[in-house]
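Notes follow once the structure below has been shown.
Labels run A, B, C, D and E following the written order; every chain starts at residue 1.
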Amino acid sequence: MEGTEIVEDEGILRPMKCELNHLTMPDGSAMFMQGDTAVVAGIYGPVEARVQKMMYDKASIEVVYTPIKGPPCVDDRMREQIIKETCEAALIATLHPGTAICINVQELQDSGGLLACTVNAACLALINSGLSMKFMIGAVNCMIEKDSQKLILDPDTTQIQEAKATFTFIFDSSKKDLVSCQTTGRFTEKEFLYSFDKCKEASQCVFQFFRSIVTKYATRI
Amino acid sequence: MLEGDQDQEEDQGGLRNDGRRAAELRKIRVRMGVFGQADGSAYLEQGNTKILVAVYGPHQPRGSAARAGGKNVGGIINCQYSTAVFSFSAGERKRRPRGDRKSIEKSLQLRRAMESIIQLDLYPRSQIDVFVEVLQIDGSEYCVAVNAATLALIDAGIPIKDYAIGCTASLIDSTSKNDEDSSHAAGVVDATYMEECSPGATLSIIALPGSSNDATKGLVVVAQGAGQRLHLSRLEALRNRALCGCRDIRNILDRAVRQHLTVHSQPSFSTLHVID
Amino acid sequence: MRRNLPRSKYQKGIIHPIKYLRDYLERDIRPDGRQFLRVRPMSVNVRSITQADSSSIFKIGNTTVVCGIKAELAEPKVETPDCGYIIPNVELPPLCSPKFRPGPPSDQAQISSKIVETVFLNSGVLDPRNLCISKNKLVWVLYCDLICIDYDGSVMDACVGALMAALKTLTLPEVEHNPDTGAIIVHPSKRLSVPLKGAPVCTTFALFEDQLLIPDPTEEEESLALARLSLVIDGEELCGVYKAGGIPISQEVLMKSLSQSKKRAELVRKLIDTAISST
Amino acid sequence: MADIPLSLAEKTFILHGVDANFRNDGRIRNEYRAMELETKLMPQTNGSARIRLGNTDVLVGVKVEVDTPFPDNPFEGKLEFFVDCSANATPAFEGKGGDSLATEISNTLALAYQSPHAINLKTLSILPHQQCWKIYVDILILQCGGNLFDAVSIAVKAALYSTEIPKVTAATLDGGKPDIQLSDDPYDCIKLDAKNFPVLVTLCKIGDNCVVDPSSEEETCSSASIVLSTLPDGRFTSVVKMGHGSLQPTTLIKTLEIGKLVGIKLNASVMESLKKEDALGTNRPIFGFLR
Amino acid sequence: MPVDQRRINGPEVTIPYNIYFDSNAKQTETRKTLPKKRTDGRDSTELRKIFVKTGIVSQAKGSAYIEMGKTKVVCSVFDPREIPNKTGYSLQGELFCEFKFSPFSCLKRKIHQQDSEEKEYSIILQRALESAVCRHEFPNFQVDVYALVLDNGGSSLAAAIMASSLALSDASVPMFGLVTAVTAGIYQDRFYLDLTEEEEVICSKAPDESTSSRNYGIVIQANLPQHGQISEFFHVGSMDLANMKPTVEAITTACKELCPVMQQCLVKSVLKALKRKENMEKEDQ
């Protein structure tokens, strides 16, 4: 079962591509590309938990993020935490008490919006793994240009050079509320709320894409 | 104190740097039972390579080996190969005595060699520790370590199938082909550090040389090559040379063990008698 | 009202901490006797550590963070020849809470370090070019070590507060650098402060069921919260909104937290200023 | 150290023996066991020594290297101790098992040699700020049978005594870079001034008395011991308490007094035997581990 | 050394600025004056003002803060837990002590990991406390004691020992008695109690060969003043026995003097707790 899907959205976000079951060993996996940014995510779970991390009432979620080069450092630890806590919010961990769910993410290329890309990849891999989730999670990255004060959705590396502030918002698919958020730079309240609204709208495209991928793979079985 | 093949022949051209002939071993000196506290121990010198080995056990499994082999019903052999930081003959000093990749690899290979001679089924759920301490390095140290470990096992009274004997055979210069008929062409045994460093190939083998009518005779347990490329056609000759060295070492060590036992076992028999 | 009892000593008796907390929240009060939107009393103390170049101790309720800055000299990076270094590290030693074990920094300490660094860089409080002594040759390195002494919730708030208070009182000795010979002379008696602009203030919120938002949570509230949210405000602008997972929050709650943190920011700024002027 | 399980009766026996100044191996309280000391037994090192004290067996190798001095001590050479507890001594030392004991011993040695009264590191300087000798003293513990500290310190003293450092024939600064020439003749060496090297004396408090050179059985009976490093003139360069017990101030002073006397004697007899060995000349047979 | 991936790292080489001070005449000056008079005007056996407070870390079972002159040390003690990585059963409980200088507490910036000095101090701290704690009361368990120096103004280890003993009693760990400790320095036949950091530096360097007495060194001694016992003794330097005796005696007396200060602190914290309980009961009614 393999295949590649190209979905052209309305030009708001960079084109997304996804291939499920990219890896054979994990219980669920996804290779996800957003523009030139690409990551691979693999899920093992529920598996036997390590004694120190075992929780009697729910599954413990472990995330390992591997950067493209060098050993993981403090920055990657931060990314790991966001992925972990976001997936924790989406998963129904209480269904598998005393076990562990391992999410492994490997960065392949970073051309802007890496965090959003990893979260989307993790979500697709979770869907692929068949673990029960409360909702899907979709991440959207945007920035405010320094000179023009213009909002650019899903910028690439060259555009980010000109950024005054960047935002990564992660929304849930049911109520479209904010699950996670990370920002860089200085910005006003108005700018923040404006980009929040725009990204919320754009998150529809992400969820739409998720749905199309799931339907596509579902019919193929 | 025993000495290697000493049939000296005056053949200047065929002699090695230290005056040995190609199939000649270095001086071997042995002492068994060096330590009082260990269950078995041995000290072995082959030329300037000097090694101490202590054997503890069989005892209840403990430490990392026990955890790793928890589901293992048979006996566990636990080896540690450690090199004293001052052991190099050259000026430099080793940074760590153990824990580096080479030491770990040697520990593992040592375990393989020991597993091949110890009758593990005699020791279910027990552990035997073999600790090697290299005091001075002058070539063939891994082979000498295996020889010393065998002696320490004998000293500990652990039944073994056969001596596990290591010996190196080294082609001093593997590129030269003109002297096919000279004795060096088949390699020199028991290489020193200088010979190991020469631009050639060194083959280390651990074999069970066996007594003359043994089924396991000449069985090679561990083999390892190092150095430059070696033409396949020359491997067999090299292996035979090393095996030949193994047999020589075995005879020397066997004599040493027998001598050690005759010297040390009599008093214990008499005390046993008194208790009776 | 049991607000003065040291928490850890009497928390032990709680068998069902979640229900315990929920009972309080249902009666519109927090376990330490606070109203929902009240923050704990804060205090800040500067220049108390003699060996550091500047220091501060920031307390929010029980939570205590000590910040010490040590300045050293180094060569700048090739890419940024006129920029100094600021190295903030948050230390959550085992001393501050039984949650931490001795050894390398926990994941949480690493994430806290990263957040403090991001807040610092985003806010642009200190231009690293002000730390340049001689371009391409010599710059200041400010090692800002934030050590948590008492871990009782909202540690990020205390860390950011302590860092800002310490930076505000930082003075660096005058350095003469001869670019040709490389000779360095330091005049310890002439010390100058570093120009700063703005002062970001971090406010942490905890979220509970029904989008209940409480600022400045204690450790107990933090560990039982369904989500946590941190906002960093500097004057009229924001320089960081940080939320990692937990229950999704609506825009109204976001607006509410924004207005709350603005109030808090003003309070903290005044507090730091009075503390500095009074010493 | 190897833990020897002792019953209460055995402990009482040892305790009473110490009270009566007649220990279970026939020694009196201030008596050392017989020692075997051999130096220069490893040709690949600059200096070496091996000691056997009862069952305790320690091998020390000394190697010297040219290094750059510390910026805060530009006129001094360097001295470093490294202790390796070989698993040969007890399986408990396997892997990292012996590390804590090893650091304890090397720290105590470093404290003992820290004073310029013990060793003058200035003599190890070659070119101030640029080059100096660094002495690595590597200690290999092969067997523990009690009183490890004293045994190690004696072996270290003997090994340093036997150490030969190549003579520097020329040391010049060539355009800011140091240029050093060593003597070609391997017998052209300088020896360290071993006159003031300290030895460690462990005084083990058993009951109300102190014993020197405790065996491992005696060590298990004691709750506190004092490790003194004494110079040949009776000065202390370090005093470290070991064990979890406490002691009276008067006992401490008494212990220090005994330690001083024992230390002076021990230093003298070690030096005497080292000189005796030297007198045998370079052709003496080397026994090593073959005896 | 490999880069620590778990921290934010600065440039590879950084130099403290104080080595470039243009005058180093200051040091030799104090060195000359030291044998006559101490820089802060104290008598040689006089201790600095001491401030102690318990219960400062809310999350810990017991904690204490001590201030001696410029020296500031925080110490906390946690609930007993099972001894990790232990196979056998130990009849006596264990103390795990960790002593750490915070990176900014010393003249020279300390690294985040424990260096060899701090490791050595941790062991001394452990030995000083071990004989004061009733370890048979918690067999097979371990009590963690952490000491953190915020500001080093000399005698930090002695301060840490005292703070730890207060923290242990604040944590209601059964003890035989309090532990007090004093650092003393010897320089040319004279000794000084409760050293400042400057004095520590001077006392750990050998005096010039020309001077009459070659004695120097630092002595750290911890006592159980209520029992007249020495629980830890540590000396480094070079000195003869004749000088050791008066030093030990002086420290022993000083340790006795310190005891009431610590007792008062504990009494105060107990009274406070009682009062709080009273108030609570009143409110409940």
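Operating definition for what follows: a residue touches a chain if its C-beta (ideal position, glycine included) is under 8 Å from a C-beta of that chain, and two chains touch if they have at least 3 such contacts.
Predicted model only: the values in this text are computed from it and were never measured.
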item	value
If a chain touches chain B and chain E alike, it appears here	D
Most widely separated chain from chain C, with each centre as the mean of CA atoms	B
Centroid comparison with chain A (C-alpha atoms), farthest chain	D
Central chain of the complex, centres being mean CA coordinates	E
Most contacted chain pair (by C-beta pair count)	C-E
Centroid spacing, where centroids are CA-atom means, of chain A and chain D in whole angstrom	61
Euclidean distance of C-alpha centroids - chain A vs chain E, Å	50
Averaged-CA centre spacing for the pair chain E and chain D, given as whole angstrom	29
Centre-to-centre distance between chain C and chain B (centres being mean Cα positions), rounded to whole Å	62
Multi-chain contact sites of chain A, meaning residues that touch two or more partners	74, 77
Touching two or more other chains - residues of chain E	6-8
Touching two or more other chains - residues of chain D	none
All touching chain pairs, where touch follows the definition stated at the start	A-C, A-E, B-D, C-E, D-E
For the chain C and chain E complex, residues of the former touching the latter	1-2, 4-8, 48-53, 55, 62, 64, 66, 68-75, 77, 85, 87-89, 91, 93-99, 102, 104-105, 109-110, 113-114, 117, 141, 143, 145, 147, 149-152, 173, 175, 184-188, 219
Contacting residues of chain C [partner chain A, same complex]	107, 110-111, 113-115, 118, 121-124, 227, 234, 236-251, 254-255, 258
Contact footprint of chain C on chain A as seen in their complex	74-75, 77-78, 80-82, 84-89, 167, 171-172, 175, 177-189, 192-193, 196
Chain D to chain B touching residues, read off their complex	2, 42-45, 48, 55, 57, 59, 61-63, 65, 82, 84, 86-91, 94-97, 136, 138, 140, 142-145, 288-291
Of all residues in chain A, those that touch chain E in their complex	71-74, 77
